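So that you can tell them apart, the chains are marked A, B and C in the order they are listed, and the count of residues begins at 1 in each.
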Amino acid sequence: MAIPTYAGPLERAWYYIFRIFCVAVFIFLIAPILVIVPLSFNAEPYFSFTQGMLTLDPGAYSLRWYEEFLTSDRWLDSIKNSVIIAFFSTILSAALGTLAALGLSRSELPFKGVIMGLLISPMIVPLIIAAAGMFFFYSSLGISQSYVGLILAHTALGTPFVVITVTATLSNFDHTLIKAGASLGATPTYTFFKVTMPLIMTGVISGALFAMMTSFDEVIVAIFIAGVEQRTIPLQMWSGIREQISPTILAVATILITFSVIMLTTVEILRRRSDRIRGIS
Amino acid sequence: MKKTLKLSTAIALGSMVVAGAAQAAESITVVSWGGAYTASQRGAYSDPYTAKTGIEVLDEDKSGNGLAGMRAQAEAGNGTWDVVDILEGNALTACDEGLVEEIDYNEDLDKGADGSFPLDDFVDGSLSGCFVPTIVYATLFAYNNNAFSGDAPKTIADVFDLKKFPGKRALEKIPGANLEWALAADGVPYDEIYDVLDTPEGVDRAFAKLDTIKDSVVWWDAGAQPPQLLADGEVTIASAYNGRIFNAQVVENQPFTIIWDGQMFELDGWVIPKNAPNKKAAMDYLRFSTTTQALADQAKYISYGPARKSSAPLITTHIDTGVDMNPHMPTNPANFKTPIKKDAGFWADNGDDLSERFNAWLAQ
Amino acid sequence: MSISVEASGDLAPEEQKRLKADLSRSLRRNKIRASLLVAPLVIFIIVTFVAPIGNMLWRSVDNPLVRDFMPQTTLALESWDEQELPDEAIYAALAQDIIEGRKAKTIGKAAKRLNYEKGGMRSLVMGTARKHKKIEAPYKESLIKIKKGWGDIENWRVIKRLGSSFTASYYIAAFDMETSPEGDVSFVDEKEQIYLKLFWRTVWMSLLITAMTVLLGYPVSYLLASMPLKTANVLMILVLLPFWTSLLVRTSSWIAMLQAQGILNDLLVWLGIIADEARVQMIYNAIGTVVAMTHILLPFMILPLYSVMKTVPPSYLRAARSLGATPWTAFWQVYLPQTVPGISAGAILVFILSIGYYITPALVGGQSGQFIGNLIAYHMQGSLNWGLAAALGVMLLVLVLGIYGVYNRIVGVNNVKLG
């Protein structure tokens, strides 16, 4: 945004105030993330900067918490669990969500509003309520404190993202393409994989990424229904904050932030690729 | 190639799930409080137990919700916990509701090292049917030495005196202990506290006293928070479990001092849930972890007093620092001059009402 | 979509009929096909998500404990008129229930349930059960001798009231009300009211947080939308990075930032704005909750706003200016109205997410920053009063669905976009 040439002095002042305000908001957004990184090298077992850290004394910094993370069975198990649970629940939500979005995009579908409301309800209902209900219900089915229970719960929470992103992609979708495919003699399956799929793939992938992050970051449902063998990363962090405050969680957070940056870059590359395919830029 | 890679990943992940499930047969799940406390149980009980039997011990940090978890598992008829560490009061409730196994003390537990029967050896009156106490612990006040240059607080009344000892206080976000201390600070003799608290006027009096410091209180709800709050300088005096303060003092070299006056002591120990999946191993673990020696060994890791009289002479030094553990024990006569015994029965009866009142008071 | 067939004079009536049938068959087939695509997820959501919530609904009115574990007393009390102490037969039924319940270890469950309604009931029942050996005929006399409470008509009324299979008592408690011994429902004492107060606080703090995200999010979204795409995408990472960083991590980093000895206070002291002794309490209170939650929810405002602002052509603003509008008029009359869908989509998302928050208030909220979600969790895991937790959950759910319904009526769900 450039300042227009016809701007008066008042407008110029506004322009700079606006810029400064935006910079402040960006600092607000990013500062807590940046604070985590140096604190994870704290030599003391507390969450605050020590005098030594501020004077850049090398003795006040250590890799102690990274070492603890890498040598702790609990943390390594929690990573394994989070990966297993996120993997299966992402695949399930992507598959179920994409199918449903394909159905929702058809104008013939009856009760569309009701169905849409139902399908995105996991996003609307406060998590504490869902977690409480699942705790009772899954216990009575005997699947609380099991991988199956947690995977099903996370799948339910992840599907709305897939439904929303894929439906959005489909709303720009040119349905005559399918008819064109059919008129050229392609079977519906062939058309789906060769025409529809590549075009909605961006929506599916970004929805799946949202679903994956949901599962990866979800703590409330996990608190209620995960057992000792399903301890996930957020659950381990939760107990790290409450039961045994230790900067190990900051070390893990730093690693996860690095992971997020990689993921974000991936998404950005995907978006550029899809824009190229659609011929936007 | 790409496809096979994906497939093999899926299979590998799948088999990890299966492996996780199969493992359960050779392991037991022990539920406890987490942190330094679970670590002390690991050192004194679980690791030696695994070394002896080959049965792995899985730690779950859910004692804070122990009763809720056992109820849910009983209701579902689907137990996953084998041994649960729980407070005496909750153990009484669990026993009343039939959630936990009854223990035949002289049969199921080993005799003391001095040959005494368990029923004579454990803290008097603590073997109430289902519960096997392992430790005596105290909730008490501690302060940061850097906070007070002149006089230091010595009594409960000092803790409530914001003029003489300025700064914030950290208190646990439950009515238990806080109401007792409020009455103690208000001049009620320690042995009459529960008589006063059993009347509506007494409850009003306790809340009125708490009102005088309410604006200066930071509320905590997990045992690890008070040492953190003291170390960060967020508060000057904090209520805490004595073992956590010990850990900060001795292991982390924090400048903390304990106020032993008015320490609220209570018992904590094991129960076996009715629907424990590996009951035989659980009973075996119960016997193994409550011998005279095992209880004395736990005191090498954390400053909680063993619940068996025969263990007391065997208390030695801290395993990492070599500090003599005896002066740090809540049951040491020097520290045990003016304690308040937490009345588990009183709280079982009045806990619901007082918690409602306390939560409403907090929200005002 | 409606399909109408226009009859043309060229077709024979039977032809027309056939064509109509064909069309409607094909329409039906498409309908079924579309439904089949949606069906797996609908079934999945119903089983894994809706059923648990239905189960909770049930729990908020279900009341089996007294009826199941004091069956004879409940039955005998049915014909009791509540005017004076029950007769010997009812005391005998109670004696039986207590003796059998003690043996089966189930009487504790009934006692706990009674205690939710009236403090002291637990010790009355359990104390009697512990002295079961002393219970003997005549039971009335013997029971009153063991525990005086059995001579108090109020206790009997509580047992009778809780003996029914369904109860409104959890909802009564959730509305800060109580049932008097005479059966009248009224608000509890002012100093014991809590839930309505917390609901109200949750709503207004969520509104405040929503307003904060609009205030902070709108200019930033505008900046992003008016930049070249490549620059905007790079700056977007600053928005998305916190969005994708664990909630727990962000909350704990706010603890490190805001506490009295934390970074912000250190900075203010260092800059000489405040004295070292006068550090500001910014955490473990409502401020901490609002700041941390605004940070956590801000991306949920920026993303939909940004995607709407991208679609507003900048030429409109220029046109307004060239027609003589002041910058303020141009913004207020031309630009803002076109971004309202983005504001409302972001606002509903932020508001609904924040109203059900639990983790952040629990960690940084202290006493004045607690939300209703914290009390639901407390009753789930602390007090174990699951019926009350369920009733509070249902009330929160109704509130959220109501807000959502109003939003859907005004704006429509399909406007919610995620970047």
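One rule holds for everything that comes next: a contact is a pair of C-beta atoms (placed from the backbone, for glycine too) under 8 Å apart; a residue touches a chain by one contact, two chains touch by 3 or more.
Model, not experiment: these values are computed from the prediction.
S.K.: My parser should flag the chain pair with the most contacts; which pair should that be?
M.R.: A-C
S.K.: Taking each chain's centre as the average of its Cα atoms, which is closest to the average over all protein Cα atoms shown?
M.R.: Smallest offset from the overall C-alpha mean is found for C.
S.K.: Would you identify the chain whose Cα-based centre sits farthest away from the centre of chain A?
M.R.: B
S.K.: Nearest whole angstrom, what separates the Cα centre of chain A from the Cα centre of chain C?
M.R.: Spacing between the chain centres: roughly 22 Å.
S.K.: At what distance in angstrom does the C-alpha mean of chain B lie from that of chain A?
M.R.: Result: the chain centres lie 37 Å from each other.
S.K.: When the C-alpha atoms of chain B and chain C are each averaged to a single point, how far apart are the two points in Å?
M.R.: 31
S.K.: Which chain A residues sit where two or more other chains touch them?
M.R.: As it turns out, chain A has residues touching two or more other chains at 47-48, 135-136, 140.
S.K.: Quick check: what residues of chain B touch more than one other chain, meaning two or more?
M.R.: 64, 221, 232
S.K.: Which residue numbers or ranges of chain C touch two or more of the other chains?
M.R.: Each of 259, 261-262, 380 in chain C touches at least two other chains.
S.K.: Using the touch rule from the top, collect the residues of chain C that touch chain A in their complex.
M.R.: These residues of chain C touch chain A: 1, 27, 30-31, 33-42, 44-46, 48-56, 59, 216-217, 219-220, 223, 226-227, 229, 233, 235, 237-242, 244-257, 259, 261-263, 266, 295, 298-299, 321, 327, 352, 355-359, 363, 373, 376-377, 380, 386, 389-390, 393, 396-397, 400-401, 404, 408, 413-414, 416-418.
S.K.: Quick one: which bits of chain A touch chain C in the complex? Just the residue numbers, please.
M.R.: Interface residues on chain A, with respect to chain C: 1, 4, 6, 11, 14, 18-19, 21-22, 25-26, 28-33, 35-36, 39, 47-49, 96-97, 99-100, 102-104, 106-110, 113, 115-122, 124-130, 132-138, 140, 152-153, 155-156, 159, 161, 163-165, 167-168, 206, 210, 213, 216-217, 219-220, 224, 233-234, 237-238, 241, 249-250, 253, 256-257, 260-261, 263-264, 268, 271, 281.
S.K.: Spell out the residues on chain B that touch chain C in their complex, using ranges where they run on.
M.R.: Going by the criterion above, the answer is residues 64-65, 67-68, 71, 93, 95-98, 173, 217-219, 221, 232-234, 345, 348-353, 355-357, 359-364.
S.K.: Which chain B residues qualify as touching chain A in the complex?
M.R.: 13, 16-17, 20-21, 23-24, 29, 33-36, 58-61, 64, 72-73, 75-78, 80, 221-225, 228, 231-232, 252
S.K.: Which residues of chain C touch chain B in their complex?
M.R.: So the residues of chain C in touch with chain B come to 104-109, 111-112, 115-116, 119-120, 122-123, 126, 129, 191-194, 197-198, 201, 259-262, 284, 362, 366-367, 370, 375, 378, 380-385.
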